[in-house]
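Each structure below appears as structure tokens.
Both complexes shown next keep chain A, but they swap its partner, so chain B is in the first and chain C is in the second.
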Partner chain A sequence: MKKKFYHGEGRRILKKNDQSQMDSMERKVLIELLYQLADDDFILAYRGSEWLGLAPHIEEDVAFSSINQDMMGHAAMFYQLLEDLGEGHVDILAHGRSSKDRKNAVLLELVNGPGHYLEKPKFDWAFTVVRHYFYTQFKKIRMESLKNSSYQPLADVAVKVNMEIYYHLLHWKTWFMQLIDANDEARNRMETAVQQVFDEFADVLSYGPNGREIAEAGFIDKEEIITQMWKHQLLTVFESVNLSIPIKIKTKSGKGREGFHTDDLAVALSILSEVYHIDPAANW
Partner chain B sequence: MTETVFNQQLTEEDNFNLFMLRIEAGEKIEADDWMPDDYRQTLIKLISMHGISEIMGALPEKEWVPKAPTIKRKLGIMAKVQDEMGHGQLLLRVTEDLMKPLGKSREHIMQDLFSGRLKFHNVFHMEAPTWGDAGLIGWLVDGAAIISQTNMLNASYGPYARALKRICAEEVFHAQHGEAIIMALTEGTEQQKDMVQDAVNRWWEALLMFFGPADASTTGTSKQDTTIKYRIRSKTNEELRQEFFSKYIPRVLSLGLTVPDETMRFDKDQGIWIYQQPDWNKFKEIIRNKGPKSQERLQLRIHSYEESEWVRRALSK
Partner chain C sequence: MNKNLVLHALHEVKDPEIDAISIVDLGMVEAIRGDDSKLVVELLPTFMGCPALDIIRKNVEEKLDRLKVFNHIEVRFINDPPWTSDRVSDLGREQLKSFGIAPPPKKINETGGWEVGCPYCDSLYTTMENLFGPTACRSILYCKSCKNPFEAMKPLSTMM
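== the complex of A and B ==
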């Protein structure tokens, strides 16, 4: 059987069960990777939760909410790994960090559409479907790779996360296929959304400034490998619906892995931490 | 099949008498069984209102879903509101089957909601301005819902009774979720305690109204006699309200909270709670979509429905 994933150019990398087995650089880049994983799921689960009660039909509302809960749960597991590495309590990591300290990809923080989640939300279902589908496809590949991570606690979490993503991927792929082939109106909206998502997706694929070190330590496969696999998966789907892949995958609005975010994130953080900030020391 | 043919040879009156015998013997009526029009209409009104109230009920809590103060609370309230949407879905499905012979569908239910013809429950017209309200809704509103829905667990209409069984089981979790939030707040800082007391004060009148007026003399109409006759429910509105007091007044007091009604007391001789009646004229206004948040929430529902029109159109190609 062809081996799908490998780490560190075939070098044998020792499994690490805790930080005492790492040098300071390895520890630093592991933490960086964990922030990317946690912040990605946390902010997209938040965006998903804004849809609650507003999805195109009631059945979707129920299904989407399950996915959001799973994703928020995944974020919690990644934040827990950070807490175990001495980064602070899970809830401080989730609610107490400012925009410039966040490492999520910018695509995932962008609003669902104009308007507020309680007032005249002009949320874009096409953008939501495409963003979630492309991200989930990426996340699936990322988790498959992380299952072999040299950091054993991360590999253990990836196994759990991976089980749930199967259903998420099925869900979003179904939506994507249905809408893109439905009628001209839906096709147009979906094609616009595909372009929008590709304009930001390079940031999702990026491991940030220490990407090389992250892969060399064997925490995850190299960025290029994950990117190729993701492109390959999408290409097959695109061909089946006669959609051409936009040539360039870009970072239009910012570089989240380096802490460069949009105002959308700052606004989201102030909403999601509103109650927390009434009294961060209190027990809620 | 034989039964259907047989029934068709009977007069309406015979059918009605047979129907009453069946429900009085505790038999369940199913969607395809013969039923009096009055029974069908009563069920459609009751269950569509219940279903749509679950869906509109997601909106006041939805405000707090993204804002919940910890990841654990975020997960809890997301799951809770999702359940409410799920209940709405379950109940609308039950209603759709009842409406089918009349040539109506879910689209009609939604349009009736938008036009104001279909009412939603009084509590979901109210404001929920703090995290204390988010806790209180789970604790006392869902607590009240458990009492009124348990009253219909043996409903003569089988599909409704079965849906309620599942709904009640989940509502118990909701009440525990709400209680956990409230307990954390009442054991917390002064600010947190005030948050809960304010919420109790704000919601008290709406909670009294929850079970509806004691009889038709208060508001002009009451369906409770019809629903009792048809074995859909067993207890009256007032009996349910009294049950709510007996269950929750001691709990409210034990948390160091007060109820905003100085006349409230348990009269041992009569075995009932004496309390200040809510303003039933206000109740009538609220359920006519003239409550503090009625229009805003209805507009949000209408607006989101319109925004996703293209999606439903695409799916129905």
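== the complex of A and C ==
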């Protein structure tokens, strides 16, 4: 058995390889964190997949599909960790849970824009680029921290996810920089999108009602540390493109970590589960 | 347990997406353990969204079953250590090239760019067309020397 030590808060927290090494509170908050990780990637991968055939050009279509596939893979890994902790089968965890049981941040469930993807959608590419870029930057910092998680199976998954999102981050950052610098109209639309995303981003950064316990068990660094690092990364990029929007983050539409979601999520889940119930054995 | 026998069988399991290269030369085989009553093979998944993983597991089980040596065979995917692109063997790199895919670059520069040689003419005068190719593990490039588009395996490293 591996025995690694984690240095956090000046204490040494013993690495845990399975749930027998945890008390009931630790187990409970670990499960909560895993639902946040899994549900975040799951719903944003779905929103991404709705762009299929509608992205600005064919190369982007290929790239975006590949990113969505990776993200679904990441969600599946986190659902697998939940299955290993006795939460049920991965497919049920991904497709069989209702809106109020979901722990994803509300920002990630919001529609890509007005219109249904089958009938004349008016999807907002600026909003998509900003949402994906800010989220992926956050995910990168979150994974870096999880690499030192006191729960070893989660740390192992984080190492793998972290390598793959290197490419995602590169992709979205490139789009962000290009559109911000393109022309006045593009810049205006991007600035509106940045504001929109900031208005919901506090929910993404939140660990929910048991945030303190999650960090104290050494599963991940404290919320404030991750938030600081995320802001710092964004500020550096903002400065390089002379963007002076203050980073004022809010939760406008709901609190996803507590199960308070928008109708957008319920609609998305009913479409997803329709597809799932037609052929539950299909690969997703 | 005859490890070489197992390894030989595993050499016959190819990547479903690139059938020129075996999972051994891809660096996916981490451990072969157990005895004749129970064999355990531990594999490392390459990219996680890769739909080929289930096919690989099935093919491994089939090939090993055909040896008629082991009573029980268990094939597991593990995440520690993580698969990285430097695990591809030298033979594997040649096999990728013969398939028209540039092997993963050995180093990445500061801006995340990498230098890739054309698998057809070895020229370094190439440009990245799309970081994301038809599958999770490949990118699309273009050779300005022989004017051929080609694919390259993306580097994956824990330093990223």
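As a convention for this text, the second predicted complex is superposed on the first by the 266 of 284 C-alpha atoms of A that agree within 3 Å, B and C clash if a C-alpha of one lies under 4 Å from a C-alpha of the other, contacts with A are read in each partner's own complex, and residues count from 1 in each chain.
We adopt the following convention: a contact is a pair of C-beta atoms (placed from the backbone, for glycine too) under 8 Å apart; a residue touches a chain by one contact, two chains touch by 3 or more.
This is a predicted model, so every value here is computed, not measured.
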| item | value |
| --- | --- |
| When chain B and chain C are modelled together on chain A, clash or fit | fit |
| Touching partner for A:231 - first (chain B), second (chain C), both, neither | neither |
| Chain B versus chain C as contact partner of A:56, first or second or both or neither | first |
| Spatial angle chain C-chain A-chain B, Cα centroids [nearest 10 degrees] | 50 |
| Touching partner for A:28 - first (chain B), second (chain C), both, neither | neither |
| First (chain B), second (chain C), both or neither touched by A:73 | both |
| Chain B or chain C, by number of chain A residues touched | B |
| First, second, both or neither for A:97, with chain B first and chain C second | neither |
| Contacts of A:255 with chain B and chain C, given as first, second, both or neither | neither |
| Per-pair minimum CA distance [chain C against chain B, superposed on A] in Å | 5 |
| Touching both chain C and chain B, counted on chain A across the two superposed complexes | 59, 62, 65-66, 69, 72-73, 76, 283 |
| In the complex with chain B, residue positions of chain A that touch it | 46, 49-50, 52-59, 61-62, 65-66, 68-69, 72-73, 75-76, 79, 90-91, 94-95, 117-123, 125, 178-179, 182-183, 185-186, 189, 271-272, 274-276, 278-279, 282-284 |
| Residues of chain C touching chain A in the complex | 45, 47-51, 54, 79-80, 82-84, 112, 129-136, 140, 154, 156-158, 160 |
| For the chain A and chain C complex, residues of the former touching the latter | 59, 62-67, 69-74, 76-77, 152-153, 156-157, 159-164, 166-167, 170-171, 283 |
| Interface residues, chain B side, partner chain A - complex | 55, 58-59, 62-71, 73-75, 78-79, 81-82, 85-86, 88-89, 92, 131, 181, 184-185, 187-189, 191-192, 300-301, 303-304, 307-308, 310-315, 317 |
